[in-house]
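Two complexes come next, and they have one chain in common, subunit A, joined by subunit B in the first and subunit C in the second.
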Partner chain A sequence: MGRTWSSMDDFEAFLDDGGMVEVDDDMPDEYRAAVFRFIELHANSELMGGLTERDWIPMTPGLRHKMAVLAKTQDEIGHGHLLYMVAADLGVKTRREMLEDLFAGRSRFQNVFHYPARTWGDQVAICLLVDGAAVPSQKAVYKDCSYGPYKRILKRIIAEEGFHLRLGEERVLKIAEGTDAQRAMFQQSIDDWWWPALRLFGPDSRPNDRLARWRLKSEKNEVMRAGWVQKFVPMLHSYGFTIPDPGLTHDAETDTWTCGPIDWEPLKRTMAMDGPDTARRIAEASAAWETTRWVRDALDAAPAGAVA
Partner chain B sequence: MSTITVDTTLLRDAALGAVATVDDPEIPGVSIVDLGLLETVTATVDGRVAIGLIPTFSGCPALAMIAADVEAAVAALPEVEEVTVEWLRSPVWTIERVTEDARRTMATDLTLAVRVDSNPTPCPRCGSPTEEKSEFGSSRCRAVHRCGSCLEVIEVMRDR
Partner chain C sequence: MHTYEIFLKKDGQEEYRHAGSIDAPDDELALLLARENYLRRAEGDLLWMVDRTHLLVGDRDFVAPNSDKPHRDNDGLLVAAHRKSQREAQ
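And then the complex of A and B:
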């Protein structure tokens, strides 16, 4: 059976020694709650992201990209499924309670899923800028993650998100070689998605961040954000696109790009479930849950062993 | 076109080695050769190499990316003049094509099991029997299982 710790100091000393916490351990309540909230937010975000991908299956141009969007939808929903199972194992909420809270607007999902994806250009920008922010964030969690079941699933998720990133870079190349109208569409998408994607990293990390203390994060938000800016500014410039940041500066000596002042109000609004597309997204997710109720009811009603 | 005649056996071996450096885009550390995707390699005296691959599932979204990676790896060989990569319609990929090496790497690095005929699939962490929770995981070739002993949520690669 699992291990127990006599006090938080004892537990933190265990973490400091590189200890890994497993599902049957008698972990401190504060740690359990923090890990749960973290994984629930991740699971909700995978589900909401997967549903946006799903919306784009019929509208995606060309069979090859359509296959990729189909697969990406399955990836995200599959990640959500695994994460909800791992979250539910912590015993804070059941999977059904997590989903009901999500559909009632009582639990959070990441800021980028509170915005509408209106054009194919938006989908390309999401695949590049949002996945390009999600991957380093997930890697930073994975690197020193103290919760074993989450760490092991993250490793597979990161491998799969890396594949999405490659798809995103391929799509950007394609659209950058496109007509003037296609390039203009993508410029609009960069203008719309640059700041939401940048804000995904969150405000600067606090020095007494408990998630860092408990090895659920291994990198400061501002460091990851700076790396993202440094990667995407030169890339988009090289394709002839502009960055919607009048405060963007370039240090010629170190060849470093730094973003201007960040307006955090839009992030606060999405965290208060009041983003530009929040209500529609939740309504869609809730409708998807309701229209598939008969499948769950049928599975629940089937005698044991009748369903593989 | 080169006028130098190349040794087709050596070229074939070199091409095989190059293909083996290509990992599955979603399973880093596991070569597509170890997953059983490579079916044919032919080489000609004028340095032309033809690679025949088979997909795990025909709807796999990584096909174009894998083919491009294979083409680039083989084209990088100095003696290669031309390379073609083709997805073959037969034989059909089966789980038996996954090598022991790949199975070990997937189990230890990614907690990813490979379905075996003797059900139930053992847990890649503790070896205890696992129970299928969903026929579909995050991709077409994976199911979701749970270990009855260590409670790990795992994915199981399968061919049907």
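And then the complex of A and C:
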């Protein structure tokens, strides 16, 4: 058996000391529930993101990028797989229960996966802006994460997300060098995806954020969001694209870009499972789960070691 | 369904390291899933897997006594103090 703590104060003192929690520890129920919810949301988002990638495999232009999308799809589904293992070990839900909750619309996934990707430009914008938001978010969790199994699997995931971000940057370079029609398509995608990607960081962190208290987050949402704006505004400007934010300001002295007021209503709608593409996405994922049921049943029915 | 623990090793480098776990119905599929999920970009050259139920675990209580055996170490402080006092006497 793992370690036990007599009270939440004891446990938090352990965390303050830099302590790492492992799966066999008798962690406080609130901590277990919070870690589980966090990892389940991450796992669901990886899986739903992977399904969007999959949609674009046949439509991706050029063999090189088509192969890269194949790899990215496998990466994302794989991340979901890894994270579901870590989440299941917490003993709150089994992997199958998590998947069934997701496909029944009973559990959440991140806001950006509630929107439709209509054009190749959208895929480029997602690969740049969404992966560009996911990487710093995951790094901020990894940096000081108190839950050992999650921290270790995040290291692997972050390395692969880095490949995706570089792929996104390359796609932007290619599309920026394209025809006027291609550039116009990508400008539309920036206009559509800028705000959903920015809202991925969430509203400003509350001072009493338990996830920060328990070292699941080591950076405030607003700090990560500001870093994202500072990175992508100059990058997109350098390619001659515009940012759909009339309130965007630039401090010439510090060369700092700051976004205008943020409308949080769309984020609330996606969190209430009522985003622009939520219903279709859930229905499609759920249908795929149903049509592959026979595979799971066959595997479950196979006697142990029958194939080997 | 079985849960397998996965260990990876790079040629000539250190020991096998735990990478994570995977669910699979049998050994053959377990190996395939492990390769496709954990060895996507040459993260290792060799792979070990073991059904979690076959792991023999020494828990913290079993291991703990050996972390409190100071007589097995020598911090060298006594000799260092002697040398220092000799240097200072010169």
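Worth pointing out:
Here is the rule we use: the second predicted complex is superposed on the first by the 306 of 308 C-alpha atoms of A that agree within 3 Å, B and C clash if a C-alpha of one lies under 4 Å from a C-alpha of the other, contacts with A are read in each partner's own complex, and residues count from 1 in each chain.
Basically, contacts are C-beta pairs under 8 Å (C-beta built on N, C-alpha and C of every residue); 3 or more make two chains touch, one makes a residue touch a chain.
Predicted model only: the values in this text are computed from it and were never measured.
Following the overlay on subunit A, a clash is recorded for the pair subunit B and subunit C. Of the two partner chains placed by the overlay, subunit B and subunit C both lie in contact with A:His81. Judged by the touch definition given at the top, the superposed model places A:Arg64 against subunit B, while subunit C stays out of reach. By the touch criterion stated above, A:Arg166 is placed in contact with subunit B alone, subunit C being left untouched.
Judged by the touch definition given at the top, the superposed model places A:Asp24 against both subunit B and subunit C. Once the two complexes are laid over each other on the shared chain, residue contacts for A:Lys155 go to subunit B alone; subunit C is not touched. In the superposition on chain A, A:Val92 makes contact with neither subunit B nor subunit C.
When the two complexes are overlaid on their common chain A, residue A:Arg3 makes contact with subunit C while staying clear of subunit B. Within subunit A, the residues touching subunit B in one complex and subunit C in the other are 24, 71, 74-75, 78, 81-82, 85-86, 89, 152-153, 156, 160, 163, 308. Subunit C contributes residues 1-3, 19-23, 25-29, 33, 36-38, 40-41, 43, 59-61 to its touches with subunit A in the complex. Put simply, subunit A touches subunit B in their complex at residues 22-24, 64, 67-68, 70-72, 74-75, 77-79, 81-82, 85-86, 89, 149, 152-153, 155-157, 159-160, 162-163, 166-167, 170, 308.
Taken together, the subunit B residues at the contact with subunit A in this complex read 25-28, 59-62, 64-65, 109-112, 132-140, 142, 144, 146, 150-153, 155.
Those residues of subunit A that touch subunit C in the shared complex are 1-3, 24, 71, 74-75, 78, 81-82, 85-86, 89, 95, 152-153, 156, 160, 163, 299-300, 302, 304-308.
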